[in-house]
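Shared between the two complexes below is chain A, which pairs with chain B and chain C, respectively.
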Partner chain A sequence: MVIIRVEHVDKSFAGRHGNISIMQDISFDVADSDFVALVGPSGCGKSTMLRLIQGLDRPTSGKVEFRDKPVTSVVTGMAMVFQSFALCPWLTVSQNVAFGIEALGWAPDRIKAQVDRYVSVTGLDGFQEAYPRELSGGMRQRVGLARALAVEPSVLLMDEPFSALDPLTAESLREEILQLWRDPSLPPDAVILVSHNIEEAIQLADRIIVLSRRPAHVLADVHVDLPRPRDRKSSAFYDLTDRVYSLITEGGGPTTAPPVTNGATASQ
Partner chain B sequence: MQGLLVLLNSHKGSEDVALLADDLDLEIDEILPSLDFASALGLVKVHDGRATFTDLGKRYVAATIRERKAILREQLLRTTLFKTLLRALDNAPEHQLTDEQLTHLFSVTPAPADESVQNIVNWGRYTELIRYDAVQHLLTPVRRAPSAGRTLTVNRPPPPAAPPESHPTSGPSNRKASGPSGPGEHTSPLPAMASA
Partner chain C sequence: MAEGGTIRPDDPGSAAAGRGAPKTTPLPGAARAAALYIAIPVLATAFAVATVGLSFGNFASYLPTAAVDVFYSFLRMSAAYALSLGFALAYGYYAATHHTGERVMIPILDILQSIPILGFFPIALVVFASLTPGSWPGVNLASIFLIFTSMAWNMVFGIYESLKTLPEELREAAATFRLRGVLLFRRVLFPATINRLVYNSVLSWTAGWFFLVEAEIFSTNSNQVLPGIGSYLSFSASAHNTDAFLAGILVLVMVIAILDFVVWRPMGKWAERFRYDTSPSGDVELIATSDTPSRLGRVTAYVRRGVRTARTRITTPLVQVAAIATRPVVSSERRRSALSYIGMGTILVVGWLMLIAITVAVFDVFSAPILPGIRVQIEHLPLAMGASTLRVVAAYAICLAISLPLAIFLSRSERAARYGMPTVEVIASFPATALFPVIIFGLIPFISPEGAAVLMLMTGMLWYLFFNVLSGIRGLPPDLDEAGRSFGLKGWKRFTQIVLPGVFPALITGSITAFGGGWNTLIVAEYLSVNPHQTLNLFGIGQAIDIGYALPNHTGYPLMVAALLTLIATVVAINELIWKPLYRKAVEKYRYD
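Up next, the complex of A and B:
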């Protein structure tokens, strides 16, 4: 079942010398239980795409639908995890996690139970009363994740969630994300990850949407058929990394190269 | 430390330490503190420059986030560092200590003291062995530790790593720290946690 439908989306911003086109004619679907990664060169509009999907911004033309309804304002069924964690420094871990759900108008005891649950699944027990400044980067991002999951979003949006972390921490957090994703009792129904790290995208996602440089269009929609846990040193993993990398580096000018959709699988 | 275990797991549970570091484009000394700590906790064995999971290590990486926490808690409880800390809390008035007292308790050298104490506090909090009030700098035990009935002279134990994902920057002095092992010590006398 399709949860998000992006159809012929164009986005441009007003610049000093007229409009700057960020993306042109972007179309893709995200279905139930999809883990999709958006990859592409810096500045190609990956994060803008997430903002359009969540309804924080509107496309110049084309449309975005969430569960068959056009996205016209901020969608409540989605939550975002940010590269910079975006925690409130004056709130404790529990209060930060509660931040998102408080807007839902729940009774206090229900909010508390929900906070406790997501603090616990993300491994933050023991830090409920800590302030963000007391936490390491990895623990801060766990708070960001707990806050996002606590609203039980249908779609979890992650914008470079591991980029601000050291390599070992990122490795451990990626593994925890996959562990949570495997758990059917936990949200979300689908994940969209923005990453500039191709290996990370292949390690985590089941589908990789490769965007070209600005103005972005979809270069390929690659299915990752590798069994989990994925071995970064396997030749299949390496071949796929190589292919996505080639697509991005060769990935053409504004209107050349028609988008390749659903044509490619890891086994090819 | 957890990052290191995940990394080792992706190498099928046994790998040359140099190649492990290389996989993440890290220098060996960037993963050594995590490795020391993982072996002090009995999760990994290092022999001839090769790191291999122990049975407990295998169980750890196969476990859920919450089960992992329980394993870490058990293992930390066997270390002299945490035995000492919990006993001190047990005997302290109102069962609480300030982090200044903690610094004194472990007589950590002034320079890395803040970091060491913070690491100990972080591990204790992560495994829910202790509570910490950052405003009053106050530690309290989550549950009463059983009294062991013997006094220990603590002789500069090195800091444990920060909570699982990170690799601490432990100075050379930490690695050198050593002392007579207390009787009935469960952990191997490895640098990271076992000196007492």
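Up next, the complex of A and C:
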């Protein structure tokens, strides 16, 4: 079942020398139980795409649908994990996790139970009363994750969630996210991950949507069929990485016209 | 004289300047001037100690009266602060969240905070007195209003800017989780402002004390005397009552110190958690490395922030203008700057002539019922403005000659910073206006009234300049200095090639705020008359405002209003035509990033 449908989305910003086109004619679907990664060169509008899906921003033309309803403003049912964590430094871990549920207008007991659940799911037990500044980057991102999961979104949006972490921390957090994803009792029906790290995308996602340089269009929609747990050193992993990498480097520079393979192209 | 002795028993910090100045100053002339100003308080302190020792019982007997008066002053301060807080929250919040409101509200505030508030005090007195029955509530409301104007703008900017600088992702987080209304305010917006609000409150209280004391001193010119520490000090100094005066100073210092320890320090510590940057920042490192009480770190951090604030404050409303003005890039940078200076000068002269013309025209229309004597005085206003400007410029020059060497010294030597900074900080938080009576009634036998006026203006200007220059020097990238040293830049050359260009933007910001302080101090620095025998009376714009207010039967009100308008127009013109372009230039040319 399709949860999110992106249809012919264009986005441009007013710049100093007229409009700057960020993305042109982007279309793809995200179905139930999809773990989708958006990859592409930096500045190609991956994060903007995520914000269009969430309803934080509106496309210049085209449309985004969430469960068959057009997204016109911020939608409930989706939650975002931010690159810079975006936690409130004046709130404790518990209060930060409660941030989103409070806005849903739940009763205090229910909020507390929910907070407790997601604090322990994300491995934050014992840190409930700590402030973000007292935590390491990895722990802070766990708070960001707990805050997003606590509203029980059907789509979890992750905007470069590991970019601000050191490689070792990022690696262990990736493993844990995969474990949470495999747990059927936990919320998101689908995940959309924005990343500029191809290996990370292949390790985590089942589908990789490769975007071109600005103005972005979809270069390919690659299905990742590697068995889990995925071994980064396997030759299949390496071949796939190589393929995505060459798609990005060869495909659609700013001077090239949008290729004919516009739109979603299943290529495996 | 005993009064001479009372001037500054609490001024040992200037001695630090004396130690520092000869060591590093590249301006021996300025150092001599600084040394001269330091020698007086040092001698005077010795005098004061001797006097107090001889008459302790007498001194103690004045403490209760002084305490009651300080209490009155404190009540006014609290009322004004409560008003400022409410106003700042409403205004700052609205301006930061409503685009259309912002476009009008921020430029208005920009003008409001650049005009000399104190000039409005006489008018506020007249207005509030006419609004309320009897003189007592009117006078008090006027003084609370005055203190409010010295506190509020700074707090509004604090709230406005902390809301505007809220990180984009946090804003988005609040949006994705659909926080709205009260919840958004309680969880995100209000906490985001707390840190700046506390810092700016400390500054507002310092400014508030300064203006409160000045307003109370001013009120002794008339029969509507404000009971409070300012009038108390003014009366005791004019009566040459050293014990009473010292008792007043002591109680005031104690109240300020207690407030600092009991309220502001704990508040500042608590407010730390509302700072947005969760990673250890430069400010924290500064505290750690300099090994000084955390207050120093906070003050320097504050000052740095203040500079940033002033920078955005100055540049923001001008961004569009600047963008338009700089768009057509002329090939020769130098020719452009020369042209712009000529253009600026022309605009300045034309503006000034127009100002005089408008003043004269308006005056001619409205002056028919005005007494001939006052007409003559109004015609002299441009000249009076010139005289006052000269005084402010003189005081500025001396302040610069003190600030620059002192700041260089305090930023170079670790030990000097450790002991010197807290001292300077304590002195800076004491309202220098409390010493005005003693400057006027105690020092004038020894220095000319002109000298006394300049001295008073200096107290209103020095700290703005000093703290800004200091933050500028501290902000110099160390590797730049090291690069300079590795190429053998030393002494005067190092000063002109590295230090001066580096501190230039901060120097301009400091100059703007220092001049603001100077204009505000004029009101008391040029005229004070507690009784007919002892009068400070210097030809100038401040005197015109004061005399206009003090003349019997409201005959002087036209003079007062005309003088005030002249002052405001001049100050706004100077800010817009000199300081802001200069600041833009400084930032364009000397910025490190």
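We take it that the second predicted complex is superposed on the first by the 252 of 268 C-alpha atoms of A that agree within 3 Å, B and C clash if a C-alpha of one lies under 4 Å from a C-alpha of the other, contacts with A are read in each partner's own complex, and residues count from 1 in each chain.
Just so it is clear, a contact is a pair of C-beta atoms (placed from the backbone, for glycine too) under 8 Å apart; a residue touches a chain by one contact, two chains touch by 3 or more.
None of these values were measured; they are calculated from a predicted model.
K.L.:
So, on chain A, is it clash or fit between chain B and chain C?
P.N.:
fit
K.L.:
Based on the superposed arrangement, let me know which partner A:V121 touches: chain B (first), chain C (second), both, or neither?
P.N.:
first
K.L.:
With the two complexes superposed on chain A, say which partner A:R140 touches: chain B (first), chain C (second), both, or neither.
P.N.:
In the superposed model, A:R140 contacts chain C only, not chain B.
K.L.:
Should A:F99 be classified as contacting the first partner (chain B), the second (chain C), both, or neither?
P.N.:
second
K.L.:
Should A:E129 be classified as contacting the first partner (chain B), the second (chain C), both, or neither?
P.N.:
It touches chain B, and chain C stays clear.
K.L.:
Using the superposed model, give me the angle at chain A's CA centre between the CA centres of chain B and chain C, as a multiple of 10 °.
P.N.:
Vertex chain A, arms to chain B and chain C: 80 degrees.
K.L.:
Kindly classify A:M1 by the partners it touches after superposition: chain B alone (first), chain C alone (second), both, or neither?
P.N.:
After superposing on A, A:M1 lies clear of both chain B and chain C.
K.L.:
Which holds for A:Q54: it touches chain B only (first), chain C only (second), both, or neither?
P.N.:
A:Q54 sits against chain C, while chain B stays out of touch.
K.L.:
With the two complexes overlaid on chain A, what is the closest approach of chain B to chain C, counting only CA atoms, in Å?
P.N.:
10
K.L.:
So chain A touches chain B in one structure and chain C in the other; where do those two contact lists coincide?
P.N.:
Shared contact residues on chain A: 131.
K.L.:
Spell out the part of chain C that touches chain A in their complex, as residue ranges.
P.N.:
Against chain A, the touching part of chain C is residues 167, 169-170, 172-173, 175-180, 183, 187-188, 191, 194, 273-279.
K.L.:
What does chain A use to touch chain B in their complex?
P.N.:
120-123, 125-127, 129-131, 134, 136-139, 165-176, 179, 229, 231-232
K.L.:
Could you list, by residue number, the parts of chain B that touch chain A in their complex?
P.N.:
2-7, 9-10, 23-26, 31, 34, 64-66, 68-69, 122, 125-128, 131-134, 142, 162-167
K.L.:
Would you pull the chain A residues touching chain C in the complex into a rising list?
P.N.:
Where chain A meets chain C, its residues are 51, 54, 56, 74, 76, 78-80, 82-91, 99-100, 102-104, 131-133, 140, 147, 151.
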